[in-house]
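Each of the two complexes below includes chain A, the first together with chain B, the second together with chain C.
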Partner chain A sequence: MTGCYLGIDVGSVSTNFALIDENGNLLKKLYLRTAGRPIEAITNGLKMIQESFEDDIKIMGVGTTGSGRKLAAVIVGADVIKNEITAHAVACITEYPDTRTILEIGGQDSKIIILRDGVVVDFAMNTVCAAGTGSFLDRQAQRLGIPIERFGDIALMSQNPTRIAGRCAVFAESDMIHKQQMGYKVEDILKGLCQALVRNYLANVAKGKEIKSPVVFQGGVAANTGIKRAFEEELGMEIIIPRYFDVMGALGAAILAKKFMAQNKRAKTKFAGFEAAFREHTAGSFECQGCPNLCEVVQIYVDGKLVARWGDRCGRWSADMAV
Partner chain B sequence: MKVTFPHMGNLYIPVKTFFENLGVEVIVPPPCSKKTLELGVKYSPEFACLPLKINIGNFIEALEMGADTIVMAGGIGPCRFGYYSEVQREILRDLGYKFNMIVLDPPQGHFMDLVKKLLAITNKKSFRQISLAGRLAWAKALLLDELDKMASAIRPVELNRGETDAIYKNALEQISKAESEQELLGVRREILERMAEIKKDPDKLPVKIGLVGEIYTVLEPFVNLFVERQLGELGAAVERSIYITEWVRENLLPSFLKPKEHGQVLKLAEPYIRCFVGGHGQESIAQIVKYSREGFDGVIHLLPFTCMPEIVAKSTIPSVARIHSIPVMTLVLDEHSAEAGVRTRLEAFVDLIRQKKEEKSCDRVLSGN
Partner chain C sequence: MRIGIPRALLYYNYYPFWKIFFESLGHEVVLSSPTNKKILKDGLESTVDDACLPVKVFHGHVIDLINTVDAVFIPRIISVESGEFICPKFLGLPDMIRNSVAGLPRIIDCELSLYRNKTGFMEHAIRVGRLLGNSTQEALRAYLLASSKYNSYKKFRVKNGRLPIDEGDKSFFEVTAPDYSKYKDGSFKFNVLVLGHPYNIYDRYVSMNLIKKLQDFGAKIITPEIIPERNISAGAKKLNKKLFWTLGKNILGSAYYYMDNCKLDGIVHVASFGCGPDSLVGELLERKVSRDYSLPFLYLNLDEHAGEEGFNTRLEAFVDILERRRCGESNVSSHG
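So, the complex of A and B:
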């Protein structure tokens, strides 16, 4: 039986799992659609991992990250709950220790992480607009009737990219429709979109940051070769895409769990076991009437028992149930 | 006459004491809440900054409670705040409220102007009475600042989460209730004792973070999403660049009573911002340099969306941060600020400075210093 560490990254678009062994080798990765139902995605992932390994593995530690990290921690039982910026950076420098810039574009957020000598020194996340993220590309591919998997390769065929206004997702879309109706070729529009997205990212997310090579590009959008090429052209640098680019957050969470357990030798993992996948998890919420803030308090039940609460500002409900 | 005024952190406590001791009835607006924000956003121009909107919310809530006189601060320089009282008066009049608005401008060399306005509000009480009421209010303001500093230092190392905040909340009530300086001394003693009794976790090593930026967002926890408390929970001891009493000393006192340090601190901003840009733009930069020299691990810079002075400051921050090798993160706040997103950034920022600190201490071990 192998001792393993599990990392779970619950994002807006995808829920990812990474399972590593004691030496940090990746044994299994999963990229599942969250589809607005994070609890289901988490329990499905757990079931799939159990099915592929049965009793060959023993989970020694669990880390969660992503916007649903608290929820995942309650359901699975996590030893480490980390923000996605740290998790992404950790995964990246484990594979490429010299990295000085990480470009990360996910489903609904994009970030830039600046590292020097293996330490994060600066970072930024998109604040105003989602024009540079995966969901936007997904939608535009749909509009053009192209499977998202082929988006990049088609864009690469373009000889004469169209210029598309990429400042805002809505304007980019109307500009694209306009170009379509003018009769531009699909590949030129796609390449134009890639360039617009990269321009937008560099102007909004990466503004004021010093991008130095080696540059690593990760997150779901890194699968898009058109975006990769557009970054290379715009930055004039080589862009590295790691092997497990789509699950770097989960991988980072697993590595952090491994580190944490090594530092706390006597600690026992909080992992709830694969049985957790078969328990009944329900989430409910209510509006607290204690003051005019009217906080929406979320409650998580496992098999009918209240296990976690959050969402209140004052701590009236969450103080004794903090995760 | 029923006087009300806008909220800014704990400022309501000394202001209430001041007016009440002069025999003026005071209506404190309910604490800033989602309702305040909703009212403010509904009736304010969209591109005004968040402080104007929250003020409007405060005023409406207080007027509904029966207030008939609004005391509002004025302002000078390029910051739009100086014009806000006029805009707010118009908005509230258009909504049909009947009230009188008194605007206290910072005295530009004419300290007596401020005193004269206060005399008008307080129905021509004597200068002596005003200064007596002022003394107790001032003592309360000093204690409140001391309390904030204590809570910020203890919160990151407390053993039982939430204990500091419980004592803090209780202390606010005690300070608010105290009726004399004598009584206040007793309250202070009690607070010190209770704070000292908080059990600390010896394993927790706090990092030190400075908080700079626009005064309202720095001082009003509702607006900055309780950034001080959040950072405390993440293990950071927070020091603010602005405490009410220091601000009053620097801005409202006649020049011969002004503290000297202020000008010296401002000089630190000179290589980056040479002149007054309105609000606290210049101060923000000066404070970042100061925090770096004092060995702080990082700085968080706060501003309301569309704040011109702080945008000027923000544009120089990358070079200031690089030259003084101190991590700085800017948070822009408005009614659209998403708490989850801010939390993620704060967590990542604290991780970043912890990593940096660990690496530094490793270097020291290796080089034998």
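So, the complex of A and C:
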């Protein structure tokens, strides 16, 4: 039986799993669509991992990350709950220790992480607006009737990219529609969109940051060869895409779990076992009437038993639940 | 008369003065509730669409006061320091409120501009007093009392590092002994300069409790409000050209002074989405911080978002950087 560490990254668009062994080798990765139902995505992922390994593995530690990290921690039982910036950086420097810049574009977030000598020294994330991220590309591909997997390759066929307004997703969409109506070719529009997103990313997210090579591009959008090419053209640098670019957050969480368990030798993992996937998880929310803040308090039930609560500002509901 | 003061915008700067002033003229001062969901919702629904979040929140606070007061105090503020301006939205505030909020009580609206006139604040206060039916004599006496108490409050605030944060329903001015016992000096892990307009950083609802969250991570919080004014001016002099936005000047002056003269581990800059003056200030700040000082810098942009997860993610990642600089690499805490 192999000792393994599991990392789970619950993002807005995808829920990813990474399973590593004691030496840090990746045994299994899963990229599942969250599809607005994170609990199902998490339990499905657990079942799939159990099915592929049967009883050959023993989970020694679990790490969760992504915007759903707390939820995942409650369902699966996590030893490490870490923000996705740190998780992405950890995964990247494990594979490419010299990395000095990480470009990461996910479903709802885009970030830039600046590293020097293997340490994160600076980062930036998109601000309140999520224009130019994966979910927008998804939607545009859908609207043009193109499978998202082919988006990049089609864009690369373009000889004469058209200019698309990239500052705002709504502007970009109306600009694209107008260009379509005028008769521009789909590949030229897609290439134009790639360039617009890259321009927008560099002007907003990477604003004022010194981008030094080696540059690693990760996150779901790194699968899009059109975006990769647009980055290379704009930056004039080679862009590295790691092998497991789409599950780097999960991989980072797994590595962090492994480190944590190594540092705390006597600690026993909080992993709830694969049977967690077969329990019934329900989430609900209510509006607390205790004060005019009217916080939206979320409650998570496992098999009808209340296990976690959050969302209250004062701690009235969450304080007595040790999460 | 019951005079309402909205707990928003320059409340965090001038409330102590006006409270004493109005009370010594025999009026009762009523504060709106601390910002809550309903205030935010009312503000969002009533304000013209392109206003920034703090202005929308202000509208909500005025609505919160409507049925409880005889008058709402909304001065028309143009300038609070000689040779400087405040954001133009303050100048139009009484008009915006009259245009957008129905069923208003009387509005006490009086112009304040210290741009060319340093002593204008006294004249402003006297005009306000006369609007309320008091004599010039009475208003002058109230002004003298209020300004002396206000000045000693400010000295006390700077000396004790007392941030103007409300506790529960209590105004920051009435909080006598805030519970800082948890944050004794030796227990701080980092010194973090939190910069932003007072109404963004001290409003616990709008800022998603930023200061408390940072304190819980072990940060000692420094803000422009607890830095002596002469130090802010000294810092602001390092700019190539005088910055004429008062709030922006406080931000840059504090940063420039602190980075050169004090031990600092990181800077957090909070701005409202769509803030004109801050787009400039933020840019200057970020360039300076990252080029000349290589300090960790976190920029937080606030709007009406209620989901705190994105906000927490940024904070946690920022604290991770501070932590790693403190303890060296490979030391990543397991939570947060």
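Everything that follows uses one rule, which is that the second predicted complex is superposed on the first by the 321 of 323 C-alpha atoms of A that agree within 3 Å, B and C clash if a C-alpha of one lies under 4 Å from a C-alpha of the other, contacts with A are read in each partner's own complex, and residues count from 1 in each chain.
The rule is simple: a contact is a pair of C-beta atoms (placed from the backbone, for glycine too) under 8 Å apart; a residue touches a chain by one contact, two chains touch by 3 or more.
As the structure is a prediction and not an experimental result, all values here were calculated from the model.
Visitor: Give one word, clash or fit, describing how chain B and chain C relate on chain A after superposing.
Guide: clash
Visitor: Look at A:Met157 in the shared chain and tell me whether it touches chain B only, chain C only, both, or neither; answer first, second, both or neither.
Guide: Once the two structures are laid over each other on A, A:Met157 reaches no partner at all.
Visitor: Give one of first, second, both or neither to describe whether A:Ala319 is in contact with chain B, with chain C, with both, or with none.
Guide: In the superposition, A:Ala319 contacts chain B only.
Visitor: Looking at the overlay, what does A:Lys259 touch: chain B (first), chain C (second), both, or neither?
Guide: Touch status of A:Lys259: second partner only.
Visitor: Specify the partner with more touching residues on chain A, choosing between chain B and chain C.
Guide: Of chain B and chain C, C contacts more residues of chain A.
Visitor: Quick one: is A:Glu296 in contact with chain B, with chain C, with both, or with neither? Answer first, second, both or neither.
Guide: The answer is second: A:Glu296 touches chain C but not chain B.
Visitor: Touch test for A:Asp79: chain B only (first), chain C only (second), both, or neither?
Guide: It touches chain C, and chain B stays clear.
Visitor: Report for A:Ala203: first if it touches chain B alone, second if chain C alone, otherwise both or neither.
Guide: A:Ala203 sits against neither chain B nor chain C.
Visitor: In the superposed view, which residues of chain A touch chain B and also chain C?
Guide: In chain A, residues 67, 82-86, 119-123, 125, 127, 208-209, 291-295, 313 are touched by chain B and also by chain C.
Visitor: Taking the touch rule as given, give the residues of chain C at its contact with chain A in the complex, in rising order.
Guide: 33, 36-39, 204-205, 209, 273, 283, 286-287, 290, 294, 296-297, 299, 301-303, 305-306, 309-310, 312-314, 316-318, 320-321, 324, 329-330, 332, 334-336
Visitor: Taking the complex as given, what residues does chain B use to touch chain A?
Guide: Chain B reaches chain A through residues 30-31, 33-36, 161-162, 165, 226, 318, 327, 332, 340-341, 344-345, 347-348, 351-352, 355-356, 359.
Visitor: Along chain A, where are the residues that touch chain C in the complex?
Guide: My answer: residues 67, 79-86, 90, 109, 118-125, 127-128, 207-209, 256, 259-260, 291-296, 313.
Visitor: Tell me, which parts of chain A touch chain B in their complex?
Guide: Residues 67, 82-86, 117, 119-123, 125, 127, 208-209, 291-295, 313, 315, 319, 322 of chain A touch chain B in their complex.
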